[in-house]
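Below, chain A partners chain B and then partners chain C, in two separate complexes.
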Partner chain A sequence: MANDQSSPHSETRRQLQMARSMCWHCQSEMSGEYFCERCVKVQPVSKDADYFTCLGVPRRLTLDPKKLEAKFYELSRAFHPDFYQTKSPTEQTISLSNAAVLNTAYRTLRDPIQRAEYLLALEAGSVKDIRTSPPADLFEEILELQETLEEYRASDRDSEQGHRLRATLQTEQQTLEGRREDMESQLRQLFTDWDQLQDREEATSQARAERDRVLKHMRDLLSNRTYINNIVSDLAATIA
Partner chain B sequence: MAYSDKVVDHFSNPRNIGSFKKDDADVGTGMVGAPECGDVMKLQIKVQNDTIVDAKFKTFGCGSAIASSSLATEWLKGKTIEEAQKIKNTDIVQELNLPPVKIHCSVLAEDAIKAALTDYQKKADTQSIDTK
Partner chain C sequence: MARIVGIDLGTTNSLIAYMKDGQPCVVPDRHGRTMVPSVVALTDNGLIVGDSAREHLTRNPERTVYSVKRFMGKGLADVQSELAYFPYHLSETGGVIRIRLGPKNYSPPQISAMILKELKRRAEAHLSESITKAVITVPAYFNDSQRQATKDAGLIAGLEVLRIINEPTAASLAYGLQEKTQGTIAVYDFGGGTFDISILKLKGGIFEVLATNGDTHLGGDDLDRVLVDLFAAEIRDQRGIDIGSYPDHMQAVRLEAERAKIRLSDELKTEITIELPENRGCFTRELTRDQLESLVVGIIERTLAPCRIALKDAGLTPNDIDEVVLVGGSTRMPLVRQRVEALFGKVPHCHLNPDEVVALGAAVQADILSGGTTDMLLLDVTPLSLGIETMGGVMSSLIRRNTTIPASAKEMFTTYVDGQTGVDIHILQGERELVKDNRSLARFRLKVPPLPAGVPRIEVTFLIDANGILNVTAKDMRTGQSQSIEVKPSYGLSDTEVERMIEDSFKFAAEDVGARKLIEARLDADALIKTTEKSLAEAGHLVPTAEVDGIRTSLTQLSAAKDGADARVIRARMAELEQAATHLNVAMLDDSLKKSLHGKNVSDV
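Right after this comes the complex of A and B.
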């Protein structure tokens, strides 16, 4: 994250920080709640808050979907425009934009893969060179498969060649789908590993190295899964 | 959103599709992918006396990715290694009139060029060490 630089503007910076943790209405101190304890006015989501914080869930990869959903519903009710019809324009605007942020947050965190992509983006700054070398073998495979696809598209589907190509592509699709499943189960294991590491809160260099390893492995698997996803949907659409 | 005429042209008549033997000493191969969209690009150059005499590509991806790599191979031919280094993704964006959402395709093409040049250079360096 950004370095803590001491500049002549540090006074303004401090004021900004203070402003962020203050109720916009009654100026009483706040610590990230959605409603001011004193004047009960709705507060805007902090621009710095990540989606986990927005929804009030821990920054973990194995979230209970039921609990996540319950949180989302609870907050959606809290910001529902119907409850703000008689409130001031400021409160109406805040509730509306909060509802929008929450929707995006929930949509992102609901899906385990998207959740992991999001977490990686959050953590990327702390891991050097998280993007590893491209999987050349997988790329070769995809490009070759694409050629077979082109061949099939150009062929007469009812000809013997068409049937043969179709059979080849079907087998390829099944193999790739199997590999995708395998990647997903590896990912699920990594999600658990990651959460356990976070729960232990160790700051040793060994723990840090392990964290980086898990993040990198996740990055690789997620990327490779996207490549495979693309070719699989192309295959499925062509031979369907 | 419609593709520009130039993208459509390169997409429907891609130039220089194909590949060289990647183990040949005068061939440089760049293999890159965009994990965000799943596009894969392979770009190869054939070099003689520091000049790119031929270039080929294979791309699995959207129209803009194909057009970007097709255009890149066109531009590479006849350029020296040094001139090729200077090709920027913004040049591709301009030539093909790529919309902002497709800029990453041109970035991928630039990465592929860079990777191919690096691969060739690495081969050339080991060779000159071997002959010393």
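Right after this comes the complex of A and C.
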């Protein structure tokens, strides 16, 4: 079995967009966003809509959590199955799948890191050559730390060696946490940079190159941060 | 739309509630009692439920089922450690526990259905209308099998279960409606058999669950057991009696332990009295609150770890919690309140009746579903991660715990061998790495057209609906055809089995009605005998001796009829007695009137 999240073929996409423009119930031209303006029936969220579109927010990395939450609550009131109990089976099905999509969208966009990872996936087309493995220095460091961790796990925690290893690990944890902090502040800067580039809407090759650079840098930081994050939680769990 | 009721199907007690003029209220019985003990007894006259069944716990322990909720969605191996505590006989068929009552075996959903039917009858009598739709509550930490078993119980009872909702979140609805609070609340729900903690954000009518955790095998029952073990050991040491071998006395010990625990919530010490078997007299001892607390503190501590995990999952610290709400009978214990207060750093809220608040919340949710309440919306989460088995016996997570429901995940499957026609999928729930440490939910086989390896593309959608119950659908991406999937639950009844149980339940409904009528007639007869005897003692001298004799004859006849098995005969004898005692009652009334007027002036009247 294999995980496959590639988008549908362009032909299917076109059909979906066409289907989207028509109300499933009264077949009239759709002008409303989530409900048909003529028969007031709920409409399925397009399978092609990204999470930003789904939540009705701009495709930006700095989002106001309060506004995002307000939008989520508003759409939950529109889609939640609780309000479709007396409606037709078709409407109930649409409500259920819309609510599930909405929940996934909100969960992804609510967290700045997940939001950036998602955006990277959406923009992946323009940064095909990015590296996904961690840089060698970090790799070495993590490997070394793993060894110390194993040593500590095997040691008698109350022995002198145990105490020494524990102290080493604690220092390592603090260093790594500091590094993670660093990366996160760099990421925040990149998020702002990206949003500003998007806001300028320049189509020059220079602007495109700049966007690719920001994305690539972001991707590197995100993947390194994930490695550090995993080892930090491993450390915390072991020496707790 | 027909009325939807809210039901709290509890381990110890169950309640049914409905919405009346925008306020939820619990349906009482004729005596004003709101709780139906979750006890089912098989008597010589059929199955009985509730208060009257509770009396059979000591009289008829092998045929009286209590705490059946602990067995919902479980196999026998899951409850092995506590089998010794239950006097009734348990077995397992098809991954489902069966409970023997007389000649027949019943699944936990069937027993629960009997309790639901009793609640349904109660509501129907109170509201004078037929009840067919319900919202039923479950512990937040119930897994898919336990939720499905609850839904099955509803079906068997003839109820359409429109929603399964979590007990702590139901409580938050009732609490939110009453207190109009905004902010972050923690609902600490410690009931008869289960423990839940839910952290919610209340804002503008939205009740968003941020995290939930718990233990579906931790409750008041466990506190009682500590006392039972202590008393049994003392009886053995001091009196040389193995009380465990007397199921009826063991039940008496359990009930006395429960009562003592309850008394010690208000008092500092209490007297324990246990009647010993074979006329060996009584075992008595004093139990102080301090002693009780030192015995159960370990169990209460076990509720704190889930609280900490829930806080962490919600990304909060105790300081972020604005209010702590207590739910469930076990939260009446002062020690529980102290521990909760110490953990969260604030005095918990306990203005609402912890026994009724869940049922009230279920009624609010029922009203939301029927379109009555439109300003409130509950956004709940799935308590456990959902995943599938992958190579090497490892679980691969598809939907993480504390994900807002409805939640869905899609997974694409293909084949490894040319011409392979099926892919076996094993669905799991839990937080551990390895398959064997998680809960197996179900298995199914995906049908695949025979093609070269890797060519078929079957997309499987795992959808957890608003009830927290999993639905699986599959689609062949090459043809766009949907495929129906027959999921075989690991710990649940099959659809055909549930259908058969629904049929059985209707077949036996007639017998059940007969049994209930008989019990009610007996209870009424008892009451009538008592009052008539009292009247005779007080006012017998006011009527002729012949009439007194007549009344006595009728009394004897009614007592005899009461021991019989015919409700109609009892009712007839009751009518005769009432007839015979007419003069007596009139004379008594006159007499009391005279007495009350005695010594008063005419002008006062």
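Of note:
Everything that follows uses one rule, which is that the second predicted complex is superposed on the first by the 218 of 240 C-alpha atoms of A that agree within 3 Å, B and C clash if a C-alpha of one lies under 4 Å from a C-alpha of the other, contacts with A are read in each partner's own complex, and residues count from 1 in each chain.
Just so we're on the same page, a contact is a pair of C-beta atoms (placed from the backbone, for glycine too) under 8 Å apart; a residue touches a chain by one contact, two chains touch by 3 or more.
Please read all numbers here as calculations on a predicted model, not as lab measurements.
After overlaying the two complexes on the shared chain, residue contacts for A:V40 are found with neither chain B nor chain C.
Here chain B and chain C are compared by how many residues of chain A each touches, and C touches more. In the superposition on chain A, A:D82 makes contact with chain C only, while chain B stays out of contact range.
Touch criterion met: A:L96 reaches chain C, while chain B stays clear of it. By the document's definition of touching, of the two partners only chain B reaches A:F139; chain C does not. When the two complexes are overlaid on their common chain A, residue A:R107 makes contact with chain C while staying clear of chain B.
When both complexes are aligned on chain A by C-alpha atoms, no chain A residue touches chain B in the first and chain C in the second. Interface residues of chain A, counted against chain C in their complex, comprise 1-5, 73, 76-77, 80-83, 85-86, 96-97, 99-101, 103-104, 106-107.
Chain C contributes residues 1, 162-163, 203-204, 206, 208, 365, 368-371, 374, 377-379, 390, 403-408, 410-414, 423, 457, 463, 465-466 to its touches with chain A in the complex. Looking at the complex, you find that chain B touches chain A at residues 31-33, 35-40, 42, 58, 60.
Residues 131, 134-136, 139-140, 142-143, 146-147, 219, 222-223, 226-227, 229-231 of chain A are the ones touching chain B in the complex.
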